[in-house]
Amino acid sequence: MKKGELVLLISRENSYLTNVRNEKMHTQDGIFNLGELLNKNFGDEIKTHLNKKFTIAKPNITDILEKRVKRLPQVITPKDIGLIISYTGIGPGSLVVDAGTGSGFLAIFLANSIKPGRVVTYEKDKRFLKVAKENIRASGLSKFIKLKKKDITKGIDEKNVDVVTLDMKDAEKVVKHAYNALKPGGYLVVYSPYIEQVISVTKEVEKKNFFDIKTVENIVREWQVEKHTRPKTVGLMHTGFLTFARKVG
Amino acid sequence: MKKGELVLLISRENSYLTNVRNEKMHTQDGIFNLGELLNKNFGDEIKTHLNKKFTIAKPNITDILEKRVKRLPQVITPKDIGLIISYTGIGPGSLVVDAGTGSGFLAIFLANSIKPGRVVTYEKDKRFLKVAKENIRASGLSKFIKLKKKDITKGIDEKNVDVVTLDMKDAEKVVKHAYNALKPGGYLVVYSPYIEQVISVTKEVEKKNFFDIKTVENIVREWQVEKHTRPKTVGLMHTGFLTFARKVG
Amino acid sequence: MKKGELVLLISRENSYLTNVRNEKMHTQDGIFNLGELLNKNFGDEIKTHLNKKFTIAKPNITDILEKRVKRLPQVITPKDIGLIISYTGIGPGSLVVDAGTGSGFLAIFLANSIKPGRVVTYEKDKRFLKVAKENIRASGLSKFIKLKKKDITKGIDEKNVDVVTLDMKDAEKVVKHAYNALKPGGYLVVYSPYIEQVISVTKEVEKKNFFDIKTVENIVREWQVEKHTRPKTVGLMHTGFLTFARKVG
Amino acid sequence: MKKGELVLLISRENSYLTNVRNEKMHTQDGIFNLGELLNKNFGDEIKTHLNKKFTIAKPNITDILEKRVKRLPQVITPKDIGLIISYTGIGPGSLVVDAGTGSGFLAIFLANSIKPGRVVTYEKDKRFLKVAKENIRASGLSKFIKLKKKDITKGIDEKNVDVVTLDMKDAEKVVKHAYNALKPGGYLVVYSPYIEQVISVTKEVEKKNFFDIKTVENIVREWQVEKHTRPKTVGLMHTGFLTFARKVG
């Protein structure tokens, strides 16, 4: 294991994401001597000074997004990202244009799905740009993400794009630019927290040569499977609506 | 465009998936002379003998799964596949073990997400194997899918697996094999149409050193955005429960 | 048992609603000699000529609504009526104003809940009036329902009303009349199939002195509890939105 | 207005439930001189010493249940009570047997729906009996509720019952007693927080001569209709399952 390498230390109760380095790490499970990692491999164990055992694992994108990425309010959820991926069929090599970047959460998640493809993400707000820049660096996926300081309502530079994802106010103003940027068969996806945006986006979409236009919402319900089995009492009733449309040509 | 190449012909009302070849194709929109495609590029137009215009597009995995893959009853839905992808964070290069193959729908979808990684899919039923084999060939993703005629309750050959997906009866009998096959931090995902299987799988999972154990269901509701805006009246109320668990080590 | 009395004949597989009379009734379970009922009591049995046994029961409002009332399209569902009753707390003695009557389904259901109170129901469309009149007579609750041929957007005659229920286009034009008709603490309830009406009604409601304004939708999911236990696959994803508001004074 | 009478004082922002009496009532809106109420009528106004205006209204059952009744954990919700009322069609004059009483919430709600009928409610736990007794008195519906200190799994005394409602552990042990107590066409309704009870109750129900057996759950989603329109983010994902069955005879 090399210095600087990212590792996930896991037990049944807890997990920690950290870099391999010659330092101690204080946790609620005791102190890890991270220097020990230099002589270990993935799958080996490491103990805290309280003798608690942890397995050394390679973190995946969900670990990194959960533990390393600074989230801003109202970030898009994994359930909604899952629908975007499975409804559009993007995969390795796809080209995605995304706006607004916000914390970069969606751009990072999609970059993990389309590498060695590229996500180009537009953000005009300086405060978000700063957070996004740090998050993209922390994700280890910088090679596959291009962060642009630009107002996407003014136009999209890319052509022959597989998917355009919009999570922003005024998304309806981007529909025509998305249409131009997309390749035939490519998808526009708009994430709208409220129904008024769904309506205004759909109106714009219908002016252009799109097909398979549809809006969905998905509700994920977590179950409690313990002594008895029942859905959890309280949960997320709403995140946003997802509007999909495919460009004809 | 080369002979044999797969193309999607799209208009606002309809789309057709076909191979480039020196033949005519009869459709409800008229007759296509597919030979014309040899002198065209993606993005060009082609007309039927009724003078209806279609754009020539490169099909993606959703087109192929929708139009080329023979589905068997109770196939897992894209919304559920989306959750599997976004909750486990699999991406290009991942190694997935899948059972039972059924029509191969899930294996094909995941192969599109993890190429140049590999999906190894187990099926013991001859009738399904035949359908799956044809579907995998039709998908164009054969290079990334290994179809095994084997009863997975007898064991899993692979090691250091990122994700094991089970959509089969007796999934609870595979939990211990999945545990052995997974790498630390890897995910077991079980798709259960009924709650009894959720309970028996969770029981087995809790005997092993797994963490982040959870069961969810997701309901996707489609909206109608026309003159008025409302959810569609009738829809899919249930497909299956998804149980997730991560191996400690 | 008297001639003309309404009875429900029930077996485990089937049930029939009929009047006691000196006639034969042909059914898929055989022929009933309804004259036999004259010498029987509720709880007794009666057999068809095929020797199938049925119990003689007193029908309740759900039987009558299901088997005697002619439904028009998009009738409000029992689940939504349940919410109206439990959220407004109406009961025996309440005064309800309802519009549009449509088939009379809601007026009849509410009459059953508030008798010896009164439901006054407004309908301006002649075709609906005819159906509603017949349905109200068939329900046996005529004494508690007053059917008015009148356009409720022109005004409500009643005062000191407990609940006003609106299931009609242009419901927003009735808000001010409902406000005047309601007693302090009384409820306006609007059933809206689409979200645009929810928005326009809420706008009007907020102009008046209402409190506890809220809009809800409810989704009832039926389960299949047989060899295995699971929600039914397909079901009603949407009927309508219910907007509630209470008059201050 | 008479001494002791229950009144609801309402403004757009707040409402108070109180008895008419010669006292002052301190609230966050200022001090009410409740003695003033003696010279007023429903619909009149009363002001606090801060000059805030309130309308004097007659409280309904929802006000009383919300403001006067002491709730115990996991009380059945109005949405579920609404389904019980609308699916069983109970109304004025019905006879209901209920167990376990708990706080009496369900018994009180149903008493309001079936008066001058009767709710007989069984509770064996002394601590609950005390709370229920106080709540029933506070509800003003004592005349229509009979509270029995008895273990209902030992038997039901009543005959010819319209509806039996069970919200208790071991509900499956009451199915045979409910069957005997019900009149032909009468309903058994079981409220089960977890799925294991649904399964065990359904098993018992199928041993007896019941028809129209079904289990449902309902999810009520509240919407936010303000500057923008969207479902509220967080809400109740689950309360309980409702199992319905009708006695043949």
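Note that the chains take the letters A, B, C and D in the order they are written out, and that residue 1 is the start of every chain.
Please note the rule applied: a contact is a pair of C-beta atoms (placed from the backbone, for glycine too) under 8 Å apart; a residue touches a chain by one contact, two chains touch by 3 or more.
Treat the numbers as computed from the prediction; the structure is a model and nothing was measured.
Q: Touching both chain C and chain D: give me those chains, sorted by label.
A: Common neighbours, chain C/chain D: none found.
Q: Using Cα averages as centroids, what's the distance between chain A and chain C in whole Å?
A: Going by mean C-alpha positions, chain A sits 48 Å from chain C.
Q: Determine the centre-to-centre distance between chain A and chain D, using the mean Cα coordinates as centres, and give it in whole Å.
A: One centre to the other, that is 45 Å.
Q: Residues of chain B that contact two or more other chains, please.
A: 195, 221-222, 229, in rising order.
Q: Does the chain-touch network form a line, ring, star, complete graph or other?
A: ring
Q: Chain A touches which residues of chain B in the complex?
A: 8, 10-13, 15, 42-43, 45, 55-63, 65, 78-79, 81-92, 109, 112-116, 162, 183-185, 195, 198-199, 202, 209-211, 214-223, 225, 229, 241, 243, 246, 248-249
Q: Considering only the defined contacts, which chain D positions touch chain A in the complex?
A: 193-197, 221-222, 228-239
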